[in-house]
Each structure stands twice: as structure tokens, then as C-alpha cells.
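Structures given as C-alpha cells follow.
Two complexes follow with chain A in common, the first pairing it with chain B and the second with chain C.
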Partner chain A sequence: MRIGIPRALYFYSYLPFWHTFWTKLGHKVIVSPLTNKGILDHGVKEASTDLCVPVKVLHGHIAYLAAKDKVDAIFLPRMVNVGTKATFCPKFLGLPEMVSSAFCQLPPLIVPRGDLGNPWRLFDLCHKLQRQWAPEGSVWLAYRAARSAQNRFQREIEQGRLPMDCLHNYTEDVPNHDRRAIIPSGGALRVAVLGYPYAVYDSFLNGNSLKKLHKMGVSVYTADMVPLGEQKRYRRHKDLFWHYSNVVLQAGQVLLDSTLKIDGVINISNFACGPDAMVGKLLEFECKKRAKPMITLTLDEQTGEGGINTRIEAFVDMLARRKDGAHNLSLHGQFSTGFQTVVCRTRPRGDCPTASQQAHS
Partner chain B sequence: MVGYLGIDVGSVSTNLVATNDHNEIIASTYLRTQGQPIQALQQGLVELQQQLPPGFKVLGVGTTGSGRTLAGVVVGADIVKNEITAHAVAAASLVPNVQTVLEIGGQDSKIIILRDGVVTDFGMNTVCAAGTGSFMDHQAERLGIPIAEFGNLALRATNPVRIAGRCTVFAESDMVHKQQMGHKLEDIVAGLCEALVRNYLNNVGKGKDILPPVVFQGGVAANAGIRTAFERALGITVYVPQYYGVMGAWGAAILAREKVRGGAGTTKFRGFQIARLDYQASSFECQGCPNQCEVISITSEGNILARWGDRCGRWESML
Partner chain C sequence: MFAELGHEVIVPPPPSKHTLDLVTKYAPEFACIPFKILLGTYLEALALGADTIVSTGGIGPCRAGYYGELHRRILEDLGYNIRLFIIEPPLKRPGDFFRTIMSLVSNGFTWLRFPVILQRVWAKLNAIDRVERASHSIRPYEVVKGETSRVYESCLQELDKACSLQEIRDAERDALARLASIEQDRSRRPLKIGLIGEIYVVLEPFANHNVQILLEEMGALADRSIYLAEWSRGNAVVAGEKDVKRAARPFLSELVGGHGVNSIGQTVLYAQQGFDGVIQLAPFACIPEIVAKSILPRVSRELNIPVLTLFLDEQTGEGGIRTRVEAFVDLLIQRRNRREGQVVWSGI
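Presenting the complex of A and B:
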């Protein structure tokens, strides 16, 4: 059987596990390509209007898989939680329903409930899937292989590789230029790029931000590079409700306090993301406490990269100047001598003659 | 005479300045971009040259603004810099101890926080252009008031009405409502200025330490109503530089001077005659992969000067 996996949302975190699992059970896994304009357009068309753009992108990937008899089934688990009390975002919980109501013709969806409090729950889930979809296969072998693939993936990321560079083992059609690893060391500046995996690693969605940073000589660190054990040191007295939000917040603090000496934080957020309203603000507090600059990039359907470019460029400029302390550029205003400074006070009322003259001439 | 050029190609206006060798502005132009950045740039160069003494020698050129890459290619820039850095450099050169720069332009609004001459924080408006120059422009047009008089009208208000400033669409319907209720025009206009300032401070300026001296620049600084509203909301004096409308361009000129003096040596400037050359911008959709990037190419007299817009760099690197 050909099982389709959309390259969206939680698959940026768990693709190695599920890909290996289904392959070991004797199925062929087909992963949708990197997000592109066609996929985004399709997703925007099919999804209902008030969704965040990553969920719309998921719809686009589903549309890709569903078209032209590419797959016999689409794997879309309902991810509820992984090990903590926090659940995935409500939109994740309703994904299967959302998707099946958006499309009129879909291959069958494989929709197990991913309520994975402990490893045995995961094994149970795998067992159920095996009994239903591959009665001949051995769940134990598939599960073990999947676990070790996922662990390997996790280790690679913790060593500083980016998921998109590790995931191409599981996908077919990654264009060459994306295979280049962005190894986060050696850059003059160190920036933590914090956000949900599906926003940070989807280079189409975020206007290729990571690659741009890399080109500017910036080393990039992401939340997923922080081992889970370390993240837990930063649990609050009350966690947030959402799994990925906790990861961003806790891992973000680990990075900020680490010996890496992070110079600044870029928070990648999605327009219309509910949880991000909390996460962005809390992250801002944490950055402020440590006097680290932070900027938020809000992603939506725009494909013009101008706004993102300006912000990233200005942010990196600022970090470089801060780091230099005294710098060789003229921000100290040593050139202002001899310049006749004409400032006009606006109170008492009255327009500044030179100013208005200038505007209307 | 020798000097430097700074060019700021923004969404609404295209500004050029020429400075002498001491970073003093000796000529400036301020034109509407009107969706045609290349033409505006060429027109600006012609006007600038008319203001300059004959034989003025350009030692370096810097570009900034949302059209900085395009402008950089057309004129042959020595440095292409983002607006934040350009504005900060200009403000700090004028008021060396400046701590806050408020900048409201055509589609962008930004706040820049400086301490000891270094940018320590900045904010820009997000995807939405509410509360920027374009919005004021649109409302002025709708009310039939020339934009130049908008600010002075606001100053005549005795009792500014409250207008929802969160979103342009709501602001407009609120304004229509207040009009129909019979409020005076100047009160509505003043209310609009206050709404815009409130929106700015609550979005772009949220969580920023706004300390004096505060410099207010960008095209909207021409509006005395907004300036007054800022002073009222912040409780501190807000300074508007003489060349408030061309600060970005000036910053670009200062940066160009540094770049050229700091080792670049000779300028890449293609000369004032480029105003008479024919530049063509064309775009096509690349069919190389499903991304279908919109690739832009700039040609002049049959030569391709630059290409961009492709995510993979395939066209860019073909030159």
C-alpha cells in the first residue's frame, strides 16, 4: 500500500518515526514535496478562512497527495499529547475532521489518536495500526526501527543540524540547494530562532529566513536543538496548555542562559495563532530580563520577502553594532559638528516653516 | 565640489539628498514614487542635479528604503542598507544623544531605540499598514482636504473626538459615523491624529522605553497634528528635524561616505546621465520548479543589470 504523509505541522518533528514504521511494515511511504507556491495556493483555497497559514499549508500538502491517485491512504494522526500534560494546539486536535470536511474526495485517512503519555502508549498505538493495516508485519521490529530512527534524528538535531537537512533521508524530491547543512557554529553572531517547527523549518513559509541568516554569517540555534531533559529545568509553576508552546518557551530560556552567549532572539510567529499571543509575550519578558534583543516575524500568506528581509537585515545590523560596542560607524554622531541643527518644537502650536516648505515644494 | 548621494526609494515617496564632504545636506528632493520607482528615481536625479553646483563630483552613493535593491542597481550604489540602520544613523548624526526615533512613512512605521549612539532595539509595524502615511493620505482625500493642510486643521480642534485606531477599516467607519453625527471636521481630523498615535504607541511602540530626546521623522512628521498628538501622549518634547522627510536618504549618504572612505575607495556610481537612459523592469514566472518564483530582471540599453526574486538563485547567478 502507498501511504501518503503530508510534509507539514508535526511531521517536522516526527517524520523519521512514522516513515520508518510504515516502511518496515512493508508499505511505501510517499512524502509530499517541500512547500511551494502551488501547495500554498491550493491550501489557501481549500482551508477555511480563519486558520493560521501552517494549517492552510497542511491542506495544500493533503491536496497534493490526494490528487492523481498518488497514494492509497493518507496518514494524519490526531496528535493529542506527548509525555506531558500539555496538549497540541486545538487545531491539531481537530485536524482529521477539518481536512475531511474541506475536501470532497480524499483517499482514506488513517487517523489514530496520538495520546502518548508514556512509551507503552506509543507501542499500543503502533500495535493497533499494525493489526489494522499490516496484519502480516511484525510490530515489534517496526516499532524498534522507528524508535531508533527517531532517536538518531533527535541526536543529529541536538548536535546542531537543522531538521530539513536530516529529513532528506526520508524524502525523495528535496532540491539540491536545501541539502546543504547549516551547521550552527563559527558565525560571528549567534541567534536563537524560536518558533514552532513547522514555521521555522518550512523555508517557503518563512521566506528562507534561516538561509538568509546563514549568508549573513549568523549561527542559528533552534528550540529543537535543546535536549528535552534540559528543557524541563525551565518548567514554570504552571505550564502552558500547548506542547509546542512549552518547547519554544523552555528551550528558548535554555538557549538564552547557555554558555553559547546568544546575541539575540528571532521569534517566528504565525498570523492568527492563538497560543502565540501568550508565547510571544512571555518570550519577550524572558529576553528583557536578560537584556537580549528580540524581534518577531509574523508569517502569513505573503510571498513578497521584502518585509522579512528588512527586519532580519536590520536586526543583524543591530546585533553586530551592539557586539562591537564601540564601532567604526558614525552612530556617535561625530559628523554633526558644523551641521546647523534646526529642530522645531511643536508646542506652542504652529508649523515649522522650514519643514512645511520642504514638504510642499 | 565633491560629495555623496543618498537615495531612499520608499513605497510612497522617493527621496534623494546630496551632501558635501562633511555630511551636510546641500540639496534634496522629495517625490512621489507612484508605483514607478525607476522613473521617480530618474526624475529625482534630474531635479537634484539642477540644485547642485556645476561640476559636483559624486564620491559615493547609498540606497535605502523598500526599493533599495532596485535603486542600487540602477544608480550603481556603493552601499545598500535597510531603513532602520539608515534612519538611526541620520538621527544620531543630527542629535548625537538621541534615545528614541519615531518614524512614520508611507507603508511602514518604526520605532528605533538608541542608547549611547547604538541601536539597542527597534520595532516595525507588522503586516498591516494601518496608521501610516498611506492611510492619512486616503482619509485626507476622502474628506477633500489637501494632505498638507491636514495637520493644521487638526490643531484648530477644540474637542477631538475619539476614533477607533486599531484598524483602518474600523477607523474609517468610525469617522463616517462621527461625521454623520454632526461633529466638526477639525475635531474629527484631530481625533484621527490621536487615534493614529495611540495605535502606533500600542503596537510598534509597545514595551519600548521611550526616553528623550525623541526625534520624529518620516513623511508623516510634516503633520503638525500628529506631532502634537505625540507630545500630548508622551508628555515630552518631540523634535522634528529640518530634513525630516529625507532622513533615510541622508542616512544612506552618510553610510556611503563611510563605506567609500573606509576602504571601498572609488565609487560604483554610474553618473547622472543614467537619468536619461532607458531602464526596463520586467518579470516572468520561472517554470523550473513548483515554486514558480516571480523573477524580476532590470535591463538597460539591452544589457541585463540584475535579476532577483528567485529563491534558489538560479537566475541571479546567471549574470
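Presenting the complex of A and C:
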């Protein structure tokens, strides 16, 4: 059987696991390509207008897989929990239903419920999937291989490589032979790029900002490079409810307090994302407390590389000047408070409230 | 309630445009409108000299549960030195609930009075709810436009003055009688429209631009799925609402927080009860309602009930809402006429 996996949302974190798992069970896995204009446009067309961009992008990837008889089934687990008490964003919880309401014709969806409080649950889930979809396969072998693939992936990321550079074993991407990590040693500027994996690593969506930073000689740190164990130290009295949001916040604080001497924070958020409104504000407070400049880039479906690049350049310039000893510089002019929120979009917000009518008579 | 606990209570003015102007500066752009209105209300109360704020915290998985925390940090950041008490619903964490109340209780107050006060607050809430319901069932039939609203306003003032249980009961009886005596045209056949969505914007007329009254003055019978007392009962004290969740199951089996599942379930129930249409009210960028909205087309298709979704934020104008609602009502009337194969007088 050919199983399709959309390269969107949580697959930026868990693709190695599920790819290996299905392959070991003898299925052919087809991963949708990196997000491109066609996929994005498709997603925008199919998805409900008020959704956040990443979920629209997911719709685009689903549309890609569903077209032209590419796959026999699409794998889209309902991710609920991965053992951190927090659940995923409600949009993840309602994902299968949203997707199936949006399309009239889809290959069958495989939608197990990923309530993975402990490793046993994960094994259990795998077992169920194996019984249903590959009765002759061996769940144990597949599970073990999948785990080790995932661990390897995690390690590579913690060493400072970017997920998109480690995924070519699982996808049809052109392998990147440049094995260098994105964190060069030396006295370069260090910037923490904080945001959800599916926004930070989707280079189409964010106008390739990571590579851009890299080219400018900036060392980039992302939330996923911080091991989960360290993040836990920053749990707060009342944690947020969403897994990825907590990761961003906690890892952000780890990075800010670490010996790395982070120079500034780029917060990548998404247009119309609910949790981000909270995360952004809290991050801002954390940065303020430590007197670190932060800039917020809000992505939407019309984000252009140009707009983002200018912002990033200006921000990095400011950091460089600040580092050169001209500390007081940051107290004047454009970055008067050291905080800046930039919404990179061209669509006017004026057309709210968005209303739509569905009537069938 | 807190006045009776021995504090001077500053009741902030009802939310207004000014409230929102205050907030837009400090709140994150995509925070939901309830968050912004609450923050604005706090700021107004602080300007009036309040030093302690009591508010309710929700439980997840939605942003409302985190409001208090973030509000406090924003206010602190603005340099206010205040005590912000967040009351969690008593069933979930009884300990916390009573500790918060305890720390608020000033000297010279006897615990014995506590149940009495609760009872009174409760009775008033319920009375207001009933009077309000009555007004909604009468308004679509009123002969003189706007009369119901006028009578209702003055009834509310009476109710507000009532203190003892007896007075509350009398005021309620009075109010109901006055409402019933409004001149009505019972030959109308109003459309039946259900209002669903996120609790705050459904309940707060300021946030939804009085959509319910707007509808009723157009001659439609609007049924609001949520009332204040009912909600406090359903969500804050006993966990209920099983039917709604069951109705939603075929379309959405996972709880998505907020009122997402309820919105779906109530649409299903309205469809089963033969309503002509449903209007979903949601704060802009509200996560659960967006999930619901993306699924509603399917419900609408399969159960043959039209749905209009209105997303509300501080930039929403009353005019915009009015045009959309009017268009929707027109569409429902046409639909009904077509179904009945004849042109009937529609009440607009």
C-alpha cells in the first residue's frame, strides 16, 4: 500500500518515526514535497478562510497527496498529547474532521488518536496500526527501528543541524551534502529563532529566514535544539495548555539564560494563530526582563521573501551595533524599546468580520 | 456578592468603545476579544481607584484559562501594583477556590452568612435570566418597534434594586407581567434562528452588537443557546451538557476546548428541532470556534440547515453585522417560501 504523509505541522517533528515505522511494515511511504506556491495556493483555496496559515498549508499538502491517485491512504494522526501534560493546539485535535469536511474526495484517512502519555501508549498505538494495516508485519521491529530513527534525528537537531537538512533520507529532497551545523563557532552574533517547528522550518512560509540569517553569519538557535529535560526547568506555576507553545516558551528561556549569550530573539508567529497571541506576549516579557531585543515576524499566506529579509537585515544590523559597544544606540530611533512587532502581510485586515454563508436549499 | 463580604466594590462601567481603545495598545493583536474587553474593564476599574480585582479563570484547553495570568503580567508591566484574584471553578480545585475567597474575606464577617449571600446572588441571576428569556419570546411579535426593549430596561433596573429574596421574587413577577402586556401581533410566523458560538460573545451584547435584538426586531425568533445562570450551573458547578456533546459526536469526536464542540452539537440539535438557520458568533482568531467553523459546512450540508458565521473583533462595525444578518434572514425567508411553494408574509 502507498501511504501518504503531508509535510506539515507535527510531521516536522515526527516524520522520521512514522516514515520508518510504515516502511518497516512493508508499505511505501510518499511524503509531500516541501511547501511551494502551488501547495500553498491549493491549501488557501480548500481550507476555511479563518484558519491559521500552517493549517492551510496542511490542507495544501493533503490536496497534493489526494490528487492523481498518488496514494492509497493518508496518514494523519490526531495528536493529543506527548507526555508533557499539555495537549496540542485545538486545531490539531480537530484536524481529521476539519480535513474531511474541507474535501469532497479523499483517499481513506488513517487517523489514530495520539494520546501518548507514556512510551507504552505509543507502542500500543503502533500495535493497533500494525494489526489493522499490516497483519503480517512485526510491530516490534518496526517500532524499534522507528524509535532509533527518531532518536537519531533528535540528536542531530540538538547538535545544531536543521531538520530540513536531516530529512532527505525520508523524502525526495535533494540531499544537502553540506554537513555543517548551522551554529558556527566563533564570535558571530547569536540569535534565537523561536516559533513552532512548522513555521520555523517551513522555508517557503517564512521566506527562508533561517538560511538568510545563516548567510549573514549569524548563529541560529531554535527551540528544538534544547533537550526536553532542560526545558522542564522552566515550567511555570500555570503552564500554557499547548505543547508546542510551552516548548517555545521554555526553550526560549533556556536559551536566554544559557551561557550562549544570545544577542536577540526573533519570534516567528502565524497570522490568526490563537496560542501565539499569548506566547508572543510572554516571550516579550521574558526578553524585557533580560534586556534582550526581540522582533516578531507574523507569517501569513502572502509573506514575501523581500519583506521579511529587510526586517531581518535591519534587526541583525541593530544587534551588531549593539554588540559593538554602542549600547545606548538601541535606546534611540527605530528600535526605541528594543521591541518590534512586524506583521509581514499585504492583505488588509479591513475585511473582518469574515463571514461566510453556506446554504443549500 | 463582594459588597456583602465587606469590601467596597467598584463596578466598572459596562464595556464601551473607550474600553477597547484603552486595550489595543497593550494587548496582543490576536488575543481574543473577551481578553481585550476584560483587560480594558480592569484598566477602567483601576482608573477608578480599585486596588483588588476579582476575576474568574477558566479551565483549558483554551486561552481563557490563562487570561488571568497574562492580565496580571500586563498590568504589572504597566506599573500597577494590584492584587488580582483569580477564582477557579469550585468543582475542579475546591481548595484553591476557598483559599481565594478566604483571603478576600475581611474581618467582622461571619461564615454563616456565606450561604445566604450565595443564595441571593443565585436567585437574582436566575430571575434576570427568566425575564430576559421572556423578553426574547415577545420581541418578534411586538407591534411598536423597540417597545419590548424599553420595558425590559426598566424592569432590569427594578430587579437591580431588589435585595431580599422576597423582593427579587416580586420584581420578577412584576417584570413578567409588564412584558406580557406589551401589544403583540400573534399572527406573525417568525423565522426560528439559533445563536451559537463562544460563550462570551454570545452573552455580551456589546461584543456581538446586540445581534439577538437585531434579529428579533427583524421579526425572527432568536434562540440563544447559552444563558448566564445556565452556564454557571452547567460549567462552573456540575458538569452537564451531555446531550449536546452526544449530538456533536458524529461530526467531531474530540473536545477542542472552549465551546467548539457545543457549537457543533447545538447546530445539530437546532436542525433536528426544525430551526430555519443558525448564526455562529465567535471572537476573531478564536481557536475552538474556527475548528467548529471548518466542520460546520458539513453539518450544514448533511442536515440541511444554513449557517452564518460572524467573527467579531474590535474593528467590527455594527453596520457590517447588520448587512450580513439581513442578507442571511432574506435567504432564510426565500428558502422557506420555496419550500412551502408559496409567498407568505414574512414579518419584515
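Note that in this section the second predicted complex is superposed on the first by the 309 of 361 C-alpha atoms of A that agree within 3 Å, B and C clash if a C-alpha of one lies under 4 Å from a C-alpha of the other, contacts with A are read in each partner's own complex, and residues count from 1 in each chain.
Note that contacts are C-beta pairs under 8 Å (C-beta built on N, C-alpha and C of every residue); 3 or more make two chains touch, one makes a residue touch a chain.
What you see is a predicted model; the values in this text were computed from it and never measured.
With both structures placed on the common chain, the touch criterion links A:Gln132 to neither chain B nor chain C. In the superposed pair of complexes, A:Ala102 makes contact with chain C only, with no contact to chain B.
After overlaying the two complexes on the shared chain, residue contacts for A:Thr87 are found with chain C alone; chain B is out of touch.
Applying the stated contact rule after C-alpha superposition, one finds that A:Arg78 touches chain C and leaves chain B untouched.
Once the two complexes are overlaid on the shared chain, A:Pro275 sits against chain C while remaining clear of chain B.
Contact with chain B, but none with chain C, is seen for A:Asn36 once the two complexes are overlaid on the shared chain. By the touch criterion defined above, A:Asn208 lies against chain B but remains apart from chain C after alignment on the C-alpha atoms of chain A. Applying the stated contact rule after C-alpha superposition, one finds that A:Arg321 touches chain B and leaves chain C untouched.
Chain A residues in contact with chain B (one complex) as well as with chain C (other complex) are 271, 288, 341, 343, 349-350, 352, 354-356, 358-361.
Of all residues in chain A, only 33, 36-39, 175, 177, 204, 208, 271, 284, 288, 293, 295-296, 298, 300, 302, 306-307, 309-311, 313-315, 317-318, 321-322, 325, 327-336, 338-339, 341-347, 349-352, 354-356, 358-361 touch chain B in the complex they form.
Taken together, the chain A residues at the contact with chain C in this complex read 47-48, 50-51, 78, 80, 87, 89-91, 93-94, 97-98, 100-102, 113, 237-238, 240-242, 271-278, 280-282, 285, 288, 341, 343, 349-350, 352-361. Considering their complex, residues 27-32, 35, 60-63, 65-66, 69-70, 73-74, 77, 251-258, 260, 284-288, 290-298, 300-301, 304, 306-313, 315-316, 320-321, 324, 327-328, 331, 334-335, 338-339 of chain C touch chain A. Considering their complex, residues 22-24, 28, 30, 66, 81-85, 88-89, 92-96, 114, 116-124, 126-127, 148, 151-152, 155, 207, 219, 221-222, 224, 227-228, 231, 237-245, 254-255, 258, 262, 289-293, 311-313 of chain B touch chain A.
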